[in-house]
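Same chain, two partners: chain A is paired with chain B first, then with chain C.
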Partner chain A sequence: MSTVTTASADRDDRSAGGGRPATGGRGPRQRFGRWLRWPGPFRGGIRGNERIAGWLFVAPVIVLLGIFFLAPIIMAFWVSLTDWQGQGSPFKSGVPFVGGDNYTRLFTEDGLARRDFMTSIRNNIYYVAIVVPVQTVLALGLALLVNNRMLKGKGFFRTAFYFPSVTSSVAISVVFLFMFANSGAINGILSFFGIDGPAWFSDARGLIHLILGVFGVDNPPSALANGGPLGLTWWDWLSGPSVAMCAIMALVIWTTSGTFMLMFLAALQSVPVSLDEASELDGATRWQRLRYVTLPLLKPTMFLVLTLGLIGTWQVFDQIYVMSQGNPAKTTLTPAFLSYRTAFKDFDYGRGAAISFVLFLIIVVLTLAQRWVMRDRDEPRRRFRWLR
Partner chain B sequence: MATLTPARRRRHGGMVNTVVGYAVLVFFALVFIYPFVIQLANSFKTEPDAAANPLSPVPQPFTTDSFSSLLGGDFPLWLGNSVLVTVVVTVGRVFLDSLAGYALARLRFGGRKAIFATIVAIMAVPGVVLFIPKFLVLNQLGIYDTYTALILPLLVDAAGVFIMKQFFESIPLSLEEAARIDGAGVFRTFWSVVLPSARPALITLTILSFQGTWNEFPHTLVAVQDPSLFTLPRGVANLVSGSLGSGTQYPLKLGAALLATIPVAIIFAVFQRYFVRGATEGAEKG
Partner chain C sequence: MRRNRFRSGAVAVFAAGTLLASAACGDSFDDGGEAAQQTSGPAALQILIGSSGDAETAAVKDAAAAWATKSGNTATVTPAQDLTQQLGQSLAGDNPPDVFYVDAGRFTDYASVGALEPYGDKVDNPDDFYQSLKDTFTFDGKFYCAPKDFSTLALEINTDLWTKAGLTDADIPTTWDQLTAAAQKLKAKGTMPLAVADTRDRVGAFMVQSGGWIVSKDGKQATADSAENVAALTYVQTLLKQGLASYPKALDAGWGGEAFGKGKAAMTIEGNWIKGAMTNDFPNVKYTVHELPAGPKGKGTLSFTNCWGIAAKSKFKEQAIDFVKAMTSVDQQMTYAKAFGVMPSRESARDQYTAAFPADKAFIDGAEYAQGPVNAPKMDSVLADFDASLNTLAKADPKTLLGTLQKNTQATLGG
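Let's look at the complex of A and B:
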């Protein structure tokens, strides 16, 4: 920032003398340049040019972002307060205004709307709770392995782990759909170990229910079966991710770990080797060095990876659309997909928009909460750049 | 590994660690690569073969049936749409993002800080909450279901502006000053002096835009519904979600997915370091 200020101060000095005229107008490009140098309404010279040029340079970005990001958000907020069904314009007077109904239907009124929404929230909570820790640990583990000083062929392994993250989510979902088919590759491998693999994408049984089943708890205890918060029974809340969701989680962990591995790797490579060697000479074990030397240095990256993971996992959509469409028995329904389905399949745009805004709020609140939990005296000044 | 005492580790540890390290790495490399082998192999299989031997990397018999039926269908159309959209969006993004990035980094004009703050805020908006908003605005403007709807909303991206601004701030002022003293105007300075020196950032941005647009799926879902406007991801998704969970036509679907992956794979192979730069930029500089 400081360089910019000095730079502009320099330029101010020069502008006192006025912009020197361009020497001869050769070619159209130069003429365009001269046009931009014309004294503007703000008293000529470079300052005036900069104002006009500055606004001209950012104008396309401002206009397009304004039309396709800011304006639509406001429009969608309006729609979320209406009962618009997709006919005509939502901004005409005939569209019924329903106030906060679309929101209250998600939280307070018992009905299908709330049950679907809460189911999607439950599914996504389990999804986040498993995907975020697993992908972070896997990414960190792979980065530590690849960063090994003794290792040859670093480049190859790095490429192998990273490549899945750059491929199309749709294309890779097709591959995993094939691998998790009933007689597909995954079940083939499982049967090699004598395990009878499930029919992944039609298996709605929850993981926690399945584990309880091993201990003979097949039916919900009545305390859990009757009643529970927000339209789902306690038994439903405690289902765990369904078998179908596990396949989707496997895919997502597989695709995203590579990116996060690269982030850890970049951070690891900036850890001075001498630090590691010094602690090794001091007799620290491998684990102690990891725990007390490396990990503290990785904290800012860890923060970034967890934040991006949290934001990304609440947005899971492409994989759900291609692989399961929320099936079986709504156990892979997520708020993002539910919002899409409600608007574009059920033509209830108001409720769909309301779900988007609630999801937005969830993501913002969780990000802030996580920042607060991981806050530090030497607060890492991270900006969240790779958010999409 | 962790249980070895320091003394033992010093004697045998290096060797053991290396072997174990390699074993784990090779295992994970297989896990990360084999799905692509499966994809490649099965797209050249017959349907019964793919159903019976999904794991085998060797098609028996080898057939290109899935590709010939893909080429006989809508696939070439989707490919053409994808190429068109990707090229236009990438060119647009690289030009417009760097213009704006330059202005925000170097030019002094009122409202600059507010604009930059807005751009950072827009980057923080999760993409999935924009499905309905985007549809609404396309619908309202009367461009829903057109090429314009496919291209225009993607034409600038806040993250690209951010990258370019950061980059322009990192290059020395002296070049521009020299150009200005020679009397070059703002645009000319930008175009013939600043941009050429921004090559690495421009390549990174080009690659990120290409990859992002080529793979873009949800936007096409809310922007168009006419199958003749489908891009590859939308077309492939349509192939699959039609016959959910059934084992039919997997060689065809995998072949389509394979063809959709190849361009990005080639770009990745050639420009890997720029991908890596793009992914780690956030972690390094913050």
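Let's look at the complex of A and C:
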């Protein structure tokens, strides 16, 4: 490596990294290490003071984040390792340390704790599996509609679609409670078509069970009724979301698709019109334009929306708290609500904290998985050929 | 909306952590956990109540103010939004209110972790409290706290619907068979006969009438899967299956009283709190109150009660006990009874009460044979699970439901 190139690399470094100090070109690791080191009197050159200034500038944020995010997380993690019963500080010597017991009770010990937790996981899997795709597609559809150059009264529609998102979720939940009441609007409309609507919020039957019931499978086949992983039978795992959960899903899809529509809309408006027109001239159909021009350009937004959707749906709490409290028959129990209930209603703070950490892990793993699936690949994907 | 969900999500995930942070801010970590010292001089009592409504809040505030003036202390009454949660937070923060309501179903949770001061025998004439209530608030042989008041379940009958079905006073059921018979007549007229909530707090009454209960008398053994309990649930199941009884939710009501008030059911099983609801929400509905029909093993009902808990960490225990003495005097209990319709927990107030409220005889008579809530710690989630399974009682096998309850109860009591 010649001196000349090193110098130019340093210059590049500075221009790219703002106030980064000159480092003498010793490879990235060393440079980084030195950057972290406190500047000595003979080190760091004329820009040495900037490091202190830099740290000073970010210090308030670091302190705030540390106090209000990092410290509570670490403290909660400590609680999840103890059998603290909510009497005084959990950091006293008398608090029993139980190690991973709170975690193993959720996974390996057959009992109510595991069954509740697994039920909540099951409910939430169905919830995520339905809400995330539907709200994403709906949001994209709405955004495409509103982005249409021919549409009149765009402002009105944008406001209308976004309105549910800015309204208080508690207020909307209460309105939905009325709408889905046994003699409420939804059942009124259904009865207009001669359908006898269900008692939405007291119906614990799972959708898949209901569909199987249509085909005469009312009782579980013995292969499914006996045994199954993690404390629930296969029949329980395969119940599908309950009718009550469906009502909550409808509410969440309705309220969140407005927000995501806004994100898609912002992305759509940065798609150059010329691209669209060029592909039109090339003879692409509307579907092809959407599939091969618009959607690839929306990919970063798609990732954002899916990630936010995934996180939000795994953490669903306020709708459950307001509308169902986990009832009927625990079919709307979710890990977030179970964590709250376990800690604050059952005084089992350790297990409550453990549940929230498991939930955290689930979200991290799923987000990473999603990132991996959506990563940029150079080779064209063959399996979508038939769409052309 | 989005932000809201994130915020609540964050609250849920880091709830325990945030709590710790507030605990940490409230005091440094060095307290040794010894009992708090009694502080002399005028006390500033903090009183946290789980109020049933404005009437109760006002009545307790008045009584506290009167006590404060007389004793030279101050007393601040705070009605809680969510008593369990708020109490949990303040106990975790080592800064509990001095006096608070303790629900009978929650009592052992607090007593078992040493949050409560066992002062029960220090109030005036403790033997005057109904024995069943004293039992409810006794843990490990110690009578912890003075029962504030109590309620029992009874059978309410809508007079108009009753007569419309051609039924008379002679038809008022006193046994299960009579209940079935009367219900069939009501059903023939197209009325839903009985609204009963799907919880052990209502259905459990049938278990008591059948001679069973979820735990043994001393609260140490699980007795959920006894033949008596199976018989009780089977009977309730028959009522549900034949359309003679229904859960309130299926009648589009939040609780039995609402279904009853709206005329959607001719009978319901509720406690004396239904009086207030009927006067406020359904003033035109005429109804009568009767003791619950007896089962194979005689009469049975459930009692619900709160006690005046005193925090073990309170700095003003003596003043707090003095406060509770004032709150549980016969006169004060009668004032409460008149203000918000609860029944005095002292037997010596019984005659006064029956004289003032003759229509409530059925409720107070229930005190003789009432069963209190399950008095073992950590049972709440087990019982909630049972409630959830009662939801499916119409289709499920009672033995399976009770088997699960038995298994979970055993696991909780054993560990």
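Note that in this section the second predicted complex is superposed on the first by the 312 of 388 C-alpha atoms of A that agree within 3 Å, B and C clash if a C-alpha of one lies under 4 Å from a C-alpha of the other, contacts with A are read in each partner's own complex, and residues count from 1 in each chain.
To be clear about the criterion, a contact is a pair of C-beta atoms (placed from the backbone, for glycine too) under 8 Å apart; a residue touches a chain by one contact, two chains touch by 3 or more.
A quick note: this is a predicted structure, and the numbers were derived from the prediction, not measured.
Enquirer: Mind working out whether A:F317 is in touch with chain B, chain C, both or neither, as first, second, both or neither?
Expert: In the superposed model, A:F317 contacts both chain B and chain C.
Enquirer: Contact-wise, after the overlay, does A:A204 reach chain B, chain C, both or neither (first, second, both, neither)?
Expert: Only chain C; A:A204 stays clear of chain B.
Enquirer: Please tell me which partner, chain B or chain C, touches more residues of chain A.
Expert: Comparing touch counts on chain A for chain B and chain C gives B.
Enquirer: Thinking of the overlay built on chain A, is A:D101 touched by chain B (first), by chain C (second), by both, or by neither?
Expert: Neither chain B nor chain C is touched by A:D101.
Enquirer: Scan A:G352 for contacts with chain B and chain C and give back first, second, both or neither.
Expert: both
Enquirer: Between chain B (first) and chain C (second), which does A:P72 come into contact with in this model arrangement: first, second, both, or neither?
Expert: Once the two structures are laid over each other on A, A:P72 reaches both partners.
Enquirer: With the two complexes superposed on chain A, say which partner A:T256 touches: chain B (first), chain C (second), both, or neither.
Expert: second
Enquirer: Which partner does A:S169 contact after superposing on A: first (chain B), second (chain C), both, neither?
Expert: both
Enquirer: Could you tell me if A:A336 is touching chain B, chain C, both of them or neither one (first, second, both, neither)?
Expert: both
Enquirer: By the touch definition at the top of the document, which applies to A:G111: first (chain B), second (chain C), both, or neither?
Expert: second
Enquirer: After overlaying the two complexes on chain A, where does the chain B footprint on chain A coincide with the chain C footprint?
Expert: 67-68, 71-73, 75-76, 79, 89-91, 164-169, 172, 181-183, 201-202, 258-259, 308, 311, 315, 317-318, 321, 327, 336, 339-340, 343-344, 349, 352-353, 356, 359-360
Enquirer: Where on chain A is chain C touching in the complex?
Expert: Chain A reaches chain C through residues 67-68, 71-73, 75-76, 79-80, 85-92, 94, 111-112, 116, 164-169, 172, 181-183, 199, 201-202, 204, 255-256, 258-259, 308, 311-312, 315-318, 321, 326-330, 336-337, 339-349, 352-353, 356, 359-360.
Enquirer: Under the touch definition given earlier, write down the residues of chain C that touch chain A in their complex.
Expert: Residue list for chain C touching chain A: 1-2, 4-6, 8-21, 23-24, 27, 29, 31-33, 84-85, 88-89, 91-92, 94, 109, 113-115, 247, 249-252, 313, 378, 380-382, 385, 388-389, 391-392, 408, 411-412.
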